[in-house]
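Look for chain A in each of the two complexes below; its partner is chain B in the first and chain C in the second.
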Partner chain A sequence: MARFLRAVSNPIAAVGESVIDMATHLGAVVTLLLRVIRSLFPPRFDMPEFWRNLYKMGNQSVPIVMLTAFFVGGIMVVQSAVFVKRFQATSLLGWGAGYSVLREVGPILIGLMFSGRVGSNNTAELGTMVVTEQIDGLRALSIDPMRYLIVPRVLAMVIMLFLLTVLGDLVALFGAMLFGNLIIGLEFGVFYSGLVNSIGIGDLMHGLIKSLTFGLIIALTSCHFGLNVRGGAVGVGRSVNAAVVGSALGIVMSDYFLTFLLT
Partner chain B sequence: MIRLEDVHKYWDVPVLQGVDLRLDKGVVWGLIGPAASGKSVLLKTVCGLEKPTYGRVLVDQSDITEYGESEMMETRRKFGMLFQNNALFDFMTVGENVAFPLVRAGDIAEAEIAERVADRLKAVGLSGSESKMPNELSGGMRKRVGIARATIASPPIVVYDEPTAGLDPVTTSKIYDLLNGIQDESRATVMAVSSDIIALRTFVERIAMIYQGRLIYEGPESELDDCEDPVVHQFIRGELEGPL
Partner chain C sequence: MSDKPHMPGLEAPPGFPATVPYRVGGMVLGMFDALREFQRVLRGTIRYSIWGKRPKGEVLNQMYQVGNRSLLFVCVTLGCLGMVLVYQILLQVNKITGDTSQVGAEFIKGMVHAFVPSLTAMMIATRVGAGIAAEIGSMMVTEQVDALRMCGVEPIEYLIAPRFIAALFMTVVLTIIALAIAVGAGALMAWGSFGVNPTVFLSFDKVTIGDMVTGITKAVCFGAAIPVVSGYCGLTTRGGSEGVGSATTRAVINSSLAVIVLDFILSALAYFFLQSRGL
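== the complex of A and B ==
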């Protein structure tokens, strides 16, 4: 009987621990958000650090985002080509690609790519600074790590994911147009008119609001896990892993609620 | 002057337990103790990097445990600190690291900063290393850059956490020689933690030993050998038999 009770209660305890763990992290991320907001009034943060991060997180992500987006556009066409040809609905290809890329696939895939490339790097960098006492070093020099390190990174990530999503959307649509022409021989003009006649500014805004939200989630999650590293190099690895998983979970869950709210 | 009154610090276990200490201005004070006995935590508590669970820490008669982060930032300007891992900013060059306390002070001309950085690097034997990155330096060189950064703004209180950890005996001697030179010049209040007892004793005037979060000896360095506490006795002699 005791063994049975242990077997039943252990999974329940494990689920309970996970829920408490998630709630703790969520609470800490919300606290971090409030501290970031407080640091913006008045907006005193380190400008050189902000520009450095814009470059590192944004400019250096451009090639990988463009490449990903280009093939995402192609995938849209490859997946829909069979049906488009079967129903002779080639004029709908521009609408289909535009609708899915702008509202859903663009922001979410670029967000996940950004999380993997920039978010994980940010966690590793902050985590290493924690274990090598660089954060304490800043505090010892009377520098607030929040204003010097965290606020510039959060702002840079939000701004850059937004801009990268705009760029990625354009490249994905270009990719869809090119692959549409190559695979089913759809003329560029037909694709373009299908796109502009049925896709509105609302569809674009839908995706861009998501990208701003995803940027904030990635920034806060990666900073939170980076600042809370414990236990040297192993701890840094664990935190990077947790940050990537946490960001992906946050992106997918917030995507569901935003889609629900914005549609 | 620095005073600690009944300072306790708890995490999962007690780290500091009822530490009382008084350091007069200009004294060179050393702290020894076994690993994980609370040495670094004690130093960080004095600098305001860790808040005690209870007890008071007075720096120049002000209780810093009651300070918020902004007041604490002002107080930390009185301190220069060398960390155990040096804590050099790895995204900055050596020159930028050493200049950082002066740059953040905000009211010093760039030319003067460059001159003071060059002077300080010369003093620690690293002339011309301004453009190198910390990862291009050896352990001893990184330590010297950390010392240069901790002392460039001539703070009235300097804290050295393991200034010679992991260094060979010759480099250790050079580092203490350097610290003595800086101290002769600055006459700052110094708190130094080291596992290298012999070398540390050549540098300090007063010394304390911490064990399980409690100061079990505090007094002139010259009287340490006369201490009858069996823990102190065993630790300073490195004996295998004893309470440790």
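== the complex of A and C ==
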């Protein structure tokens, strides 16, 4: 409530506070990026940790990504069902579903789910390590936390979000095909030819470049908030919350700029 | 996604191979356990929201937490998404027909009944769902919830019901604000990048009563689902800081998934009962 009263009594101070807050986090994330890049030359990082993270972040997210993508495909069909019925433009369904899933909806929604599952998990894990002083322990053993913890995680997240987006796009298009048949009664062949004739490799690449960027943003944001946890279990919860919010903001805003840059 | 079922006496005996039936059985039992707990939270939330006692001003405080403090986040994300959607649509329309006069009306119709409610709810699930789980989870591991129970206060009544009422109301409010922001940002984008006149773009002719009913129903359902799911995740927190982290993670995932699945179901219902009858 104190914050509410301050926001009412002095709105300019409240806005300035949140702007400074945002700038601080943005600067810290960029610094973290530079440190990660610095640690990649020479590429000496912990290989077993890298493989473990690839499995944990990638393979174990497959069910949730497939479930999300399947329903996303269904939603795209249900939304466009009215147009298709009204104009009798059944060949357009494949084009519409493919265009929207590959370029926008697929990367964004899979990115958001990935940030919810993997990004926040990562923040929680690193945050727990910070509050139980395991990171200081690593330093005391003269193990560089950057090379041992952060670089493997960042690499694993970027690679795995890219691969999961490929898989999710495929599942979403299958979902669209299936629900197109169930709800509108569209033949599989019509959907397929509509998809193949109008969607090119450019649309797929558009979405995949986005997913690479989203992966980097999720990785850096979650690592930054994880490493800066203060104050026990309560602090871990607060940091995880801040990490998901930051990732979602980063995903949507970078999507906006990428859409212009890529066309 | 799901935790191991917590059932004493059902652990595998030493040396017992982790066979497939054993694992499947454990998964099914764990799922039923989770479902029973979830429906207890759901029923409690609904009952206490109607008849329960609340500290004075708690609902208003939660409304501020849920609504006002998410406002900037929701506006920024939905504004960006509105611009991106318009840009992608107009790019294609320019390539195929070049007739941009109908784009605005169809875009606004789609925004009202489909995109804005679900995307706003995804953002609220991220921001508010994680917040609720983190807060209640921290209270669980610091034994504040047990202290509440010892004082004879039901945690669902004291903690979840005010958040439920606040989120239910504020999701609808935020959805309407987000709709205005997204449509406005989309109109600006169409004007700036493609020269579509805002007076042509901002036409609400295609928006029917059915669209508005669909959009509001979706917002209400999402607003009800998010606090219950994340409150459940918070109340099932176990262990120290690790437990709080995993509760928050589960809250984000489960409430986002709930939004997506509900969106699919409600869209299908709206298609069969409203749109196919021309409403």
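As a convention for this text, the second predicted complex is superposed on the first by the 254 of 263 C-alpha atoms of A that agree within 3 Å, B and C clash if a C-alpha of one lies under 4 Å from a C-alpha of the other, contacts with A are read in each partner's own complex, and residues count from 1 in each chain.
Everything that follows uses one rule, which is that a residue touches a chain if its C-beta (ideal position, glycine included) is under 8 Å from a C-beta of that chain, and two chains touch if they have at least 3 such contacts.
In this text, all values refer to a predicted model and were calculated from it rather than measured experimentally.
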So, after the overlay on chain A, do chain B and chain C clash or fit? They fit
Partner chain(s) touched by A:Ala124 [first = chain B, second = chain C, both, neither]
second
Could you say whether A:Leu249 touches chain B, chain C, both of them, or neither, answering first, second, both or neither?
second
- Message: In the overlaid three-chain picture, which partner chain does A:Phe188 touch, first (chain B) or second (chain C), both, or neither?
- Response: neither
Expressed to the nearest 10°, the angle that the Cα centres of chain B and chain C make at the Cα centre of chain A is 100
| message | Output check: A:Gly137 vs chain B and chain C. Expected answer is one of first, second, both, neither. What do you get? | response | first
Is A:Tyr55 touching anything from chain B or chain C once the two structures are fitted on A? First, second, both or neither. neither
Max touched-residue count on chain A (chain B vs chain C) belongs to chain C
Once superposed, chain B sits from chain C at a minimum Cα distance (Å) of 10
Overlap of the chain B and chain C interfaces on chain A comprises residues 128, 132
The chain B residues in contact with chain A across the complex are 44, 47, 49, 69, 73-74, 76-77, 79, 81, 83-90, 100-101, 104
Given the complex, residues on chain C that touch chain A span 1, 61, 64, 68, 72-73, 76-77, 80-81, 83-85, 87-88, 91-92, 106, 110, 114, 118, 122-123, 126-127, 130-131, 133-135, 137-138, 141-142, 240-249, 252-253, 256-257, 260-261, 263-264, 267-268, 271, 275-276
As the complex stands, chain A meets chain C at residues 1, 4, 7, 18, 63-64, 67-68, 71-72, 74-75, 78-79, 81-83, 85, 99-100, 103-104, 108-109, 112-113, 115-117, 120-121, 123-125, 127-128, 131-132, 183, 232-238, 240-241, 244-245, 248-249, 252-253, 255-256, 259-260, 263
Residue set of chain A touching chain B in the complex reads 128, 132-134, 136-144
